[in-house]
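Before I ask anything, let me first share the structure, which is written out below as structure tokens.
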Amino acid sequence: MKKQFVESLTAGSRVEDTFVLAEKRLARKKDGADYLTLQLSDRTGSLSAVAWDNVEKLGSVAAAGDFVRITGSVGEYRGALQIIVKEMTVEDPSSVAAADFLPATGQDVDQMFDRLVRMFQTMETPPLRDLLTAFFADADFVERFKKAPAAKMMHHAYIGGLLEHCLSMALLADRIARHYGGVDRDRLLAGVVLHDVGKVREFDYQHRIDYSDEGRLVGHIAIGLEMLDEKIRLVDGFPEEERRLLKHMIVSHHGAMEYGSPEPPKTVEAVLLHYIDEIDSKVNGIREFIAAQGAEDAWTPYHRVLGRHFYRGSGGK
Amino acid sequence: MKKQFVESLTAGSRVEDTFVLAEKRLARKKDGADYLTLQLSDRTGSLSAVAWDNVEKLGSVAAAGDFVRITGSVGEYRGALQIIVKEMTVEDPSSVAAADFLPATGQDVDQMFDRLVRMFQTMETPPLRDLLTAFFADADFVERFKKAPAAKMMHHAYIGGLLEHCLSMALLADRIARHYGGVDRDRLLAGVVLHDVGKVREFDYQHRIDYSDEGRLVGHIAIGLEMLDEKIRLVDGFPEEERRLLKHMIVSHHGAMEYGSPEPPKTVEAVLLHYIDEIDSKVNGIREFIAAQGAEDAWTPYHRVLGRHFYRGSGGK
Amino acid sequence: MKKQFVESLTAGSRVEDTFVLAEKRLARKKDGADYLTLQLSDRTGSLSAVAWDNVEKLGSVAAAGDFVRITGSVGEYRGALQIIVKEMTVEDPSSVAAADFLPATGQDVDQMFDRLVRMFQTMETPPLRDLLTAFFADADFVERFKKAPAAKMMHHAYIGGLLEHCLSMALLADRIARHYGGVDRDRLLAGVVLHDVGKVREFDYQHRIDYSDEGRLVGHIAIGLEMLDEKIRLVDGFPEEERRLLKHMIVSHHGAMEYGSPEPPKTVEAVLLHYIDEIDSKVNGIREFIAAQGAEDAWTPYHRVLGRHFYRGSGGK
Amino acid sequence: MKKQFVESLTAGSRVEDTFVLAEKRLARKKDGADYLTLQLSDRTGSLSAVAWDNVEKLGSVAAAGDFVRITGSVGEYRGALQIIVKEMTVEDPSSVAAADFLPATGQDVDQMFDRLVRMFQTMETPPLRDLLTAFFADADFVERFKKAPAAKMMHHAYIGGLLEHCLSMALLADRIARHYGGVDRDRLLAGVVLHDVGKVREFDYQHRIDYSDEGRLVGHIAIGLEMLDEKIRLVDGFPEEERRLLKHMIVSHHGAMEYGSPEPPKTVEAVLLHYIDEIDSKVNGIREFIAAQGAEDAWTPYHRVLGRHFYRGSGGK
Amino acid sequence: MKKQFVESLTAGSRVEDTFVLAEKRLARKKDGADYLTLQLSDRTGSLSAVAWDNVEKLGSVAAAGDFVRITGSVGEYRGALQIIVKEMTVEDPSSVAAADFLPATGQDVDQMFDRLVRMFQTMETPPLRDLLTAFFADADFVERFKKAPAAKMMHHAYIGGLLEHCLSMALLADRIARHYGGVDRDRLLAGVVLHDVGKVREFDYQHRIDYSDEGRLVGHIAIGLEMLDEKIRLVDGFPEEERRLLKHMIVSHHGAMEYGSPEPPKTVEAVLLHYIDEIDSKVNGIREFIAAQGAEDAWTPYHRVLGRHFYRGSGGK
Amino acid sequence: MKKQFVESLTAGSRVEDTFVLAEKRLARKKDGADYLTLQLSDRTGSLSAVAWDNVEKLGSVAAAGDFVRITGSVGEYRGALQIIVKEMTVEDPSSVAAADFLPATGQDVDQMFDRLVRMFQTMETPPLRDLLTAFFADADFVERFKKAPAAKMMHHAYIGGLLEHCLSMALLADRIARHYGGVDRDRLLAGVVLHDVGKVREFDYQHRIDYSDEGRLVGHIAIGLEMLDEKIRLVDGFPEEERRLLKHMIVSHHGAMEYGSPEPPKTVEAVLLHYIDEIDSKVNGIREFIAAQGAEDAWTPYHRVLGRHFYRGSGGK
């Protein structure tokens, strides 16, 4: 079990623990000798490291993305901490707790998943219920679905984030469907789970959260469409009309062509799905942004993507 | 009480009832004689009319916007019905039922208003409750608030539409505030009523729904800010911080500068207010657009502002 | 065989031939009697029609979209020709020549198709050649692919337009791939056929050219992805990398998110595919626009979508 | 009186003078001891500082934004000057000359103000003259109006900048109103002063120039509307039409909704006001940008917001 | 001299006067006979005309754009006046007063021109004065410059409009240059005349105002650059630096690349030129738009290009 | 001949060779003594340098942009190499090989130029052939045309890049013109050479690649138009129509007003020219971007201007 975390290392201490080898580069000193510069990370942060000896061996022992066991010590270089690496060996992923290496949801994953499953058991449209059952009966899918982040940055960008986002959206969708009579609640709920289902393959989230090759080339909309087709083939007599409407929700959930949706939402359910997605991702993203800053100031720093400072209030002024 | 409505007039019938004089223009025949062309309307539609005789007198008796009692008959001109006006007198507005002349909400205005008031009585922040009380104790405001439309077109564009929109938003806001812990429910509810309060003066909705002079020059954001200041002066010791946050919600509710908000939403409550407004106006607008079309086709005609056809479904295809 | 075409009908002549019933509406005369207003079309244009007698029977005999045999005569109404319908019976689609009813490519469809097939036989990448073979061995697909238009308006908006567009793009792609060394010609050619393959289902083009329900809800990108998956399942051991790159070309061929592509082109082949598509659709669209106007003027009328007049030259001025 | 300014400090000299404590942060050395890093500024610039001793006491004696009297010396750290702080005490704002701490207009504030007042005395519309009189009779307003900057960056971003901007605009408006007959000169001049009047509260400019809480939440348009209403209440019988037109100028002066104006300019005077504001802010901003660079080069560096280099000329080349 | 104008023709009157033949089309009656439909115009408007007899001869006698002498009478067709043409002969342009056929400035062209020339005589930079002299010594240029419109629509869209626009801009530039010290008044004034000089060839304005072939293909920026080069060749030793700065003003006067300027303004003079152009074209365009509407309403109709209604005031409300 | 290049300098070695003096600045040490900081570059990169002695003399001996012969040694400062300059003398440009100092095309310039000339000799339109002959007979132009880059960054940003770009476009244009019958091949080829001809003056590329004063003020479109006019004057009886169409291609080649083209393409040839330019610049730019990165990763870093990562493939994954 991992005991030493990046955020708690101090100058002078000895290092003997496992990290993710986030980057590795061979460099050459002025005197012509080679050395290695590395980047080591865990869920609490990232630190630069350097290896002066055994460079050839250490350089070939592990690749970026591997878990590596490091023996060495903490020094300082230009005012920042730096790990001096003496030994490095690859660690078998099965022997480490992934949760030590990536930021994760603060909520209980299994409880969230159970709650989501229970919601879908209340659905009254048999083909939709059967479709969701097909997804949740696929153990490999469920394992990935419980781990995947909902984004690389901006909102729910942590292990379990996709599940947390889907559950929150499902609960919200349920409330909103009740508010507006005539909304097809089951179709909306199915859309909530399916619209982002492609994210389980769009991202790599074994050792770090980043886009996968498939994610960058194809994107979660196209992956999700493919996953939906695979599962629909398992449901006898799934109605063609329903299939199109689910695909429509996946295809249109970004809300407009300029955000990468091939079609804009054309049913009330697809319109609602888009807004529920917007609300839940913005509320989560803004709250995390506010929480990441110290509590002293009334205002957060400038949020580059959203283009504004957020106000956390001035206490009882 | 009005008995003859535009939609039910037929060629050859006699006309004797009250209409809104929507337009009036003096024209000259080829033989040099003058005549009047008019546009007469009520809540069911609008029809052209013409007066060949007594032109001088009829032309001076009423102005556009007046209620007028018409005596005449229905003829046809180039394939369309046309009223031949014999006599026209101005009607006192107090003697007519406004509801006969403008489209109106299908819901009970007083019940909606009571429900909204009861919601605000549950608020637990005294200054906000006092502020809303100040608004609802102003009989003149309440009368206008119950009648105002929420827009000229697009959504809730009918008498009572503003109230219907606010109530729907308040109920939605209540559900969403419960979903996300930590949201200031009272502030959000206050924002729901106040964000569009300027619309009671932005529109004219006595005889037709259109922008008022003040509405076009100043807009409902600025009018709402002014109305808020007036009522805050009636609440002793209203907190400055709260005043700014309410103003912020009015100012930012369009969501971004490019939609005419001087500032974008910078608190979670302001962000939520914007989305709740978006959802409720879009759902109402799209549903009305679908309902306005015949039920035969699976698709509506093209919606010019939203840039798409909407899908009403193909039954059991 | 159809002998009477819309463009050649004259007032006073008798009508006895087959048309597409493009629209049908029941109306009521001022005297309370019902009548039918119809729109009848063939590949040369469209004409309004009216039926005064046997309204109930004629109104139920056929639906919009049917081929109908019309007996009647040509009259005039408000300066335009109008068919007075005496009898109307539904015609079996198998008994009519579709080419009489829809605009079609001026080129030989079978020759174009053979040429395209021969191009793909020169491909040197076995899995891609096998994939294309799977498409072209599917008789149902081939039949649709030979008929489909490439668009509803703007370019290649006629029967056979998709094939004409794909062949022209393939020839162009071949030339451009030879120009730039290092381009994967086979992948680019495969992308040329596959990028728009979803259009065989995005459009209805039996009796008129319009979007299908599936086309409007899902769009040709998502349909094409699904069709690709279906055929890849028929090719043993199709490489995963190749599958992603083909999907990437389908997904990115609009060139940017703001044109509805979930991802922008990220390989040289995908970038080239986008530009070849742009060139071929613009050249075809502009030439058809110029040709549709009389030859007298140096300039075309204003092209609303492209926002300019086009110059056809002033002869030897 | 302040004698030591940031721009003239040199390594090795002793420091004993007053600065603005722009930032204050507690840090921890590798050996576990705490120290303070500070940022000290005056109108000539900003310098980092550090306190190694008495950390607890010094850390609690003053807050960011305070004037502080510093005793210490100037050292160097990584090639840059750094103040080593020995003692720090809070200074009473009334005992310092604000002009020493913030950049200020190069012009005489009182002369500018007198000139502006004289212009308004030439106005021939009594209610507008009375309104301006109400503003200029408010000593608290006048004091702020003479100090406020017109912006945080970009143009007139210094003490007295708002007054300088308003006066320049008023003189320009006078010339332009004379050029175009039929322009309501008085209304245009009133708009010139009022359009940015909210900036006296939008910014904090006691010790540094930044947005105030109210400024960020509500913005100068909404603040200005409120200030206008307060003063109009002091003018008996101020005409409603005039009030709307002034509000219209405040509301529309950014020129278009996409720049945060709830309404675009709809009168000739409002259109002129917008352009005069544009001209004066751009001319001032560009000139300051050019002046801030050395005089050697023909071109300025790239201006990120305006997206170009500016040309200062190449002498007699 | 022309006596009969389109706006004053009445049904039944005889026509014998000169018009512009704006359009000419051959049509065929239902009985197979040919007839001509024409459009005849003068500075007061445009009217449709028809010729039933001598069709072959009349059809070949004149081309669109010619001045034609018409003999015939005024009838009515579908509620609108229509000229029945009996005879039509081409009129020599030299024998007609162009001012009768195109809308023209209300100001005295020669007085405006003199005033502009006098302004340029005050210039103190010899090469710029010489350059302007070269333009004004070119009789052909001066003739066109006095006639050209400044636009086809929107502002100064009448004979003499370009001169009126340039003079107004020059007077404004003079005032603004005096306001801001350090502006190169001569360069700015030269820019005012030169920036739109290409419009003398961009438009056709002999018989109607429209773009010329050269105007549509090349545009007034490129034409103006060419005209500038032609005249600079006539000035001995014209400084290269000055030539570039004048070209810069022509090239950048639309203010930004997105409005078709290859470069944005990069000198204070070029920035001022852009705004002066904006002010003068907007003020003229808005005033003409307001004046073109009846004086009854407080608001103009919706201005499609500027996207708003304009307010003309409500009198003493 | 230059022997020491920036990329191969190592700490401790002696320097005695020629470089471009890219920047020069006078600085002052804490002790009050002056020193010089320099930037020295050649085609392999750029390095900072410093001169501690003879500062006054060295500072006046050369200006930024000069070739300078440096005597000194290589040291290190804060982890980076730095040249300590002992002596510096200006080198006569005629005595150095420009190719040593700027990045250059990898292809043979003379072969490229010959191939381009041979293409133009196949043109069948005499005036166009004569026009191109006039350009290629101008030795000064040819010398610049062979050296000019096509851009400062993004694509073909090296000596000979403009020629390489034009030749590649010409070959592509030839293939595309053959593909589409009816395209005027000669006009398209002429457009290919002429559209960017202004770049020979838009850039400075003697010692470094940057915009010239004329380039920044006027841009290559306007310069190209002027150069075209100069050469057309050398061709007797050059047709006006052809002149306009060539100018149209120069003016419109950016494809749309928002990219700085005063007019959009309005002929098929101008449309093709724009796309051929787009294809060739994007293919070259993307390939150079991919090549500039190490070959290890499947993905390039993020391309800021194009807004994406590019995929170089994952080998046989």
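Chains here go by letter, A, B, C, D, E and F, matching the order in which they are written, and residues are numbered from 1 within each.
Keep this in mind: a contact is a pair of C-beta atoms (placed from the backbone, for glycine too) under 8 Å apart; a residue touches a chain by one contact, two chains touch by 3 or more.
Just so we're clear, the structure is a prediction, and the values are computed from it rather than from any experiment.
For the pair chain A and chain D, the fraction of shared interface numbers is less than half, so the two copies use mostly different residues to meet.
Matching B-D against the pairs in A-D, A-C or C-F identifies A-C as its interface repeat (over half of contact pairs the same by residue number).
Each chain's centre was taken as the mean of its CA atoms, and the one lying most distant from chain A is E. Centroids built from CA atoms put chain D at 61 Å from chain C.
The distance from the centre of chain E to the centre of chain F, each centre being the mean of the chain's C-alpha atoms, comes to 42 Å. Residues of chain F found to touch two or more other chains are 213, 216-217, 248, 266, 309, 311, 314, 317. Screening every pair of chains for touch gives A-B, A-C, A-D, A-F, B-C, B-D, B-E, C-E, C-F, D-E, D-F, E-F.
Residue ranges of chain A in contact with chain F, taken from their complex: 30, 213, 216-217.
Residues of chain B touching chain A in their complex: 168, 171-172, 175-176, 178-180, 182, 240-241, 248, 263-264, 266-268, 271-272, 275, 278-279, 282-283, 286-287, 306-311, 313-314, 316-317.
Only residues 10-12, 76, 79, 298-299, 309, 311, 314, 317 of chain C touch chain E when the two sit together in their complex.
Taken together, the chain B residues at the contact with chain D in this complex read 213-214, 216-219, 221-222, 225-226, 229, 244-245, 247-248, 250-251, 257-263, 266.
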